[in-house]
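Quick notes on the structure that follows.
For clarity, chains are labelled A, B, C and D in written order, and residue numbers in each chain start from 1.
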Amino acid sequence: MSTPERTLRYVDALREALVQEMDRDPDVFVFGLDVDDHKGIQGSTLGLAERFGPERCFTTPLSEDAMTGVAIGAAVAGMRPVHVHIRMDFLMLCMNQLVNMAAKTHYMYGGAAKVPLVVRSMIGKSWGQGAQHSQGLHAMFMHVPGLKVVAPSNAHDAKGCLIAAIRDDNPVIFMEHRLLYPLEAPVPEEPYTVPLGQARRMTRGDDITIVGVSNMAMECLRAEELLRDVGIGVDLIDPVSLVPLDIDTIAGSARRTRRLLVVDNGWITAGAGAEIAAAVAERLGPEGPLTVRRMGFAPTTCPTTPALERLFYPNPATIAETAHAMVRPGGPAWSPAPERAELAYQRSFKGPF
Amino acid sequence: MDDRTTRDADMAARLYRSLRRIRRTEERIAEVYPSDRIKSPVHLSIGQESVAVGVCDVLGPDDVVAGTYRGHAAYLAKGGDLRAMMAELFGKVDGCARGKGGSMHLVDMDRNVLGCSAVVGSGIPVAVGYALAIRRRRQDRVVAAFYGDGASEEGCVYESLNFAALHKLPVLFVCENNGYAIHEPLSRRWAADRLTERVATFGIAARRLESDDVFAVRAAAAQGVAALRAGAGPVFLEVPTYRWREHVGPSEDYDAGYRSRDEAAPWMANDQVERVGALLPPEARAAIDAAVEAEIADALAFAEASPFPDARELHAHVYA
Amino acid sequence: MSTPERTLRYVDALREALVQEMDRDPDVFVFGLDVDDHKGIQGSTLGLAERFGPERCFTTPLSEDAMTGVAIGAAVAGMRPVHVHIRMDFLMLCMNQLVNMAAKTHYMYGGAAKVPLVVRSMIGKSWGQGAQHSQGLHAMFMHVPGLKVVAPSNAHDAKGCLIAAIRDDNPVIFMEHRLLYPLEAPVPEEPYTVPLGQARRMTRGDDITIVGVSNMAMECLRAEELLRDVGIGVDLIDPVSLVPLDIDTIAGSARRTRRLLVVDNGWITAGAGAEIAAAVAERLGPEGPLTVRRMGFAPTTCPTTPALERLFYPNPATIAETAHAMVRPGGPAWSPAPERAELAYQRSFKGPF
Amino acid sequence: MDDRTTRDADMAARLYRSLRRIRRTEERIAEVYPSDRIKSPVHLSIGQESVAVGVCDVLGPDDVVAGTYRGHAAYLAKGGDLRAMMAELFGKVDGCARGKGGSMHLVDMDRNVLGCSAVVGSGIPVAVGYALAIRRRRQDRVVAAFYGDGASEEGCVYESLNFAALHKLPVLFVCENNGYAIHEPLSRRWAADRLTERVATFGIAARRLESDDVFAVRAAAAQGVAALRAGAGPVFLEVPTYRWREHVGPSEDYDAGYRSRDEAAPWMANDQVERVGALLPPEARAAIDAAVEAEIADALAFAEASPFPDARELHAHVYA
């Protein structure tokens, strides 16, 4: 008889991971703009300052660039900083420290120093976040050796990956999504790690492999339901971490289905989807026909008006339509009924974990 | 009435109209906001209007302003189109950015309102670059660049000050020091409250005002702009002011714990809209009020009536 | 009877483009660290300050971030700045202005403003440039809508693309390569543009399509010679500009050869090669077997020691070997004779332009 | 000789040894350089040694230094291993960074030499972060962070000053003002020559020295470090100094046009290596000189003999 599992929201899972790691290791600290105010990064850092004191949870001046250097220096000295940004867009201010310093320190000093740093940042979406508050820029970090990149799509992985990231001896870019924060999933109470570099199969199917990154894993899950209605079986994979990337699992699935759709939470050009599609094509292309497609942000800046914002993002219906066209290329065009698509939208992920 | 008195009365009426227009526009936005027709984050400047109003009153049509995501005041004070602003907030195609920018990215190139940015501090070097072009072209124009106390901490703002001073560019830097960046007070962000002194070390004429009294702001700006027009290099003003509403959104937040209503009280007691309004003959004031309400009502109606952008607009303007 | 063509070094072609555009349009100016000193960015800006005065060619404080904003502001005001960086690595200091401002200005203001800006930067290589002076980070810029990215591989295109970039109304990231600077090619004296978005076929062949980016186009040209020795015909394509990307020409070639090797002057993961390989796989994958491979920087930080730096970069021999293995997958392994590889290394590109 | 005289004599000998060691090491590097065995750009500090030497003389083994791409002097003055440095320049596996960093990325964690960076200014916030860790752990250690006048223009350096002062971190900021960033003089980069004054506005004890006299540098550093150990918050020193050789590479460049040998003459006349050497008894000086030459010869031989890293090293150390 199994006890009913505890469920937690994504945001609370993040906070629990921080609390448990700060409890475990006095070298862990959390800082960044507004981590200690009454909103606490939408709740994900709430109470840390009270519990651990202002030396271990503190805000900073608006100086993202230097603060990243400060985090690196503290990490080189042996501490384990978690540097928090309320939007991923703001990482553009610290690219020099992230790309030229954090990513390179261990290598360019021949192993003499290391940088156990976690950079948390949230992708914004909806209610007109607009051009500068909505970007998913993970591809830039995937590009640079020395950085790890994690993008958990559910509460369970949020906690496990954050703990893994904090314990990792390398700089880890930890990517969250605003729309995931309220979603619940079963989350064990004790500390645990979700290994970086191991993809998660969310559903099994034989017709098409779909890879969904970050929040898009949830959108794909809803698309899978719509596709199931019309008899299309989806092998749905959440990569969980993008660097290291579990390309074996993805390619293994695509070898079986010969169809790969990557749905990213970012732009397509030279993005995570390009990497996954190219890597799979390198492995499987010579064996025979392979149908590959990428979806992601429209190739535009993100507009604020809902009339256009709606079109900027993939959604369950457009994902299902694209997958359908890949599986039944000659057949008649198909769209899920709007009410049905709406319903599918309610679905959340309960495992397997 | 002698000339001077007339001029003063005109000025008071002008300043009042501008203050009142901004205040009422934002109050109306706050009223509409809960209806969710404004689908974009709004950062109200209620309480801080006098800074933009005082500064913009001494600017001519060819002069330029650069505002921030908290940009309604600068946009309106510089003469930005109210209908286009309201439509922008509603995400409509007649918005000043065709609905693509929202409240944080107001722009009105015809009125020389440079586009506002939502990345704190990032508009400052752009404003300086605009001033560089002005100077290269030997134009008699100045740029007023507004930014917050928080923005003053960003590296690019220091860099901008140095460059503007080095090239003697016609920029009036206006730091609206409202004591907070979101909910964090100066004490958690500034090692020392000596910003103006610091700016002066770039060789910039720098002055910290004692209050946000609109006449004081205007006088300081007038002096600064005169220096700019004389080619003396950039000028800096630090103006203490106070944000009455929450950082983002339509409400008050004195119960949130990071500041008290007591702290706000003296600022409210010194409300510039009321102060300047009280200088006017009641009927003049009433006429202005009525005109302002009518203009806002018209702008709201305009925004409501304007269509959303067509789907094809998504792909327009990626490249020029 | 055709007159003998004038040849020019890449570096002089760049300088000629600047001189001619500054002559043509008083709104064009050139600035950036050290553009006006006696070295003049390895000669590419030499004499401009003398000729056009310090208002149109000037150095700056070490403030890359703000200087990029200054360039944007001047561009919004209608000028046409060329902002120069001696290393592409330093663009990490201005990512916020490039990604959040320059790329987005036209769109997020609904077309009310535009940013005719050119950002020149040079990729370093050899003599131990090391971790922070050697990166080719073009993939990051390809990723962001609103930016154009150009990477000319020869003197002719250097001049024509730079003129095109200056006349373009958008922010253009203009990527140069230190090792290309001394290479000569025929360069017309009069001003001309090389259109952005049109790839150049460097050699024709039926066995394999090779795409070489920036300096790698030259390395591929040498590899082509080695491959010709063993009867392998290479369709060698220089994309010239990466955004816009002439994927039609590349895919058209690969449709014929069914083999695509992309050799990039940067890292592979989520890089330009990933984009090209993925885009080609999307188009051609369903038609039948397709052999795709990517080469680029080793997935490491760039080491200074020549013993390792040598292994960090693709070279004509490793490119030829990889292509050979793709064309004759079952056959015996092959390497070009070292002396032959050495000789091929001397080759430069004389057209077709 | 009384105690004080002995102490002074010891100090002179110590400073001389350190100055001479750096000078001669770099001169030897310059001699070897044309042979192309050193396959990485070198930025010599010849002429500027006294800054690093004066500062590091007051640091203990547990104290930390952060240098730049022009980092030989700081590395050596702090006690960094000379053999490992030379092997690093030669790209050998026994180099302090196993040949992966070269001259611009010296490191010696055992001697608390933080890794040097070639992106100007980028090491400063890292040094501040290291000091944050020191303070959090209540350690009695200080960090000396060296940077150039050019670096002082980078936004992240201002940001670092503010943060260090806000948290009262034990950092001695040392600005080596040699008047040039590559070939560009201060006048083309600084709006005003008031750096020290500017730094002081962060509430940082800031002082500008009149020369790079090694005893003066040492005394100022000693005073600063004492303040740091007392928890008084960061200290800043601006030290005027002069680079005798070209920006990068082994040669002189007085014929390049951007500066004259006349400008250099007073600095050379005040050569600190000579000055301090002249204070020593000739035989003591000769003994130091001989020891220094022997050490350098040994380090060069060591570097020559050390193997290049094996091919597998390419992929080592990407991740820890």
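List of remarks:
Throughout what follows, contacts are C-beta pairs under 8 Å (C-beta built on N, C-alpha and C of every residue); 3 or more make two chains touch, one makes a residue touch a chain.
Predicted model, so just to flag it, every value in this text is computed and none were measured.
Ranked by how far their CA centres sit from the centre of subunit C, the chains are topped by B. Averaged C-alpha coordinates put the centre of subunit A at 42 Å from the centre of subunit D. Each chain gets one centre point, the mean of its Cα atoms, and the points for subunit A and subunit B are 37 Å apart. In whole angstrom, the spacing between the mean C-alpha positions of subunit A and subunit C is 31. Residue numbers of subunit B whose C-beta contacts span two or more other chains: 95, 99-101, 105, 117, 119, 153-157, 159, 162-163, 166, 188-190, 318. Touching of two or more other chains is recorded for residues 60-61, 63, 65-66, 89, 92-93, 96, 100, 107-108, 130-132, 145-146, 299-301, 303 of subunit A. With chains as nodes and touching pairs as edges, the resulting graph is complete, every pair of chains being joined.
Interface of subunit A with subunit D (complex): residues 29, 55, 60-61, 63, 65-79, 81, 96-97, 100-101, 105-116, 145-146, 148, 169-170.
The residues of subunit D lying in touch with subunit B in their complex are 153-159, 161-166, 188-192, 194-195, 197-198, 201-204. Considering their complex, residues 65, 89, 92-93, 95-96, 98-100, 103-104, 107-108, 130-132, 135, 137, 139-140, 142-146, 243, 266-267, 269-275, 277-279, 281-282, 285-294, 299-301, 303, 329 of subunit A touch subunit C. Only residues 33-34, 37-39, 58-66, 89-90, 92-93, 127-133, 298-301, 303-308, 311-312 of subunit C touch subunit D when the two sit together in their complex. Looking at the complex, you find that subunit B touches subunit A at residues 39-41, 91-92, 95, 99-105, 117-121, 150-151, 153-155, 181-184, 188-190, 256-258, 308-309, 311, 313-315, 318.
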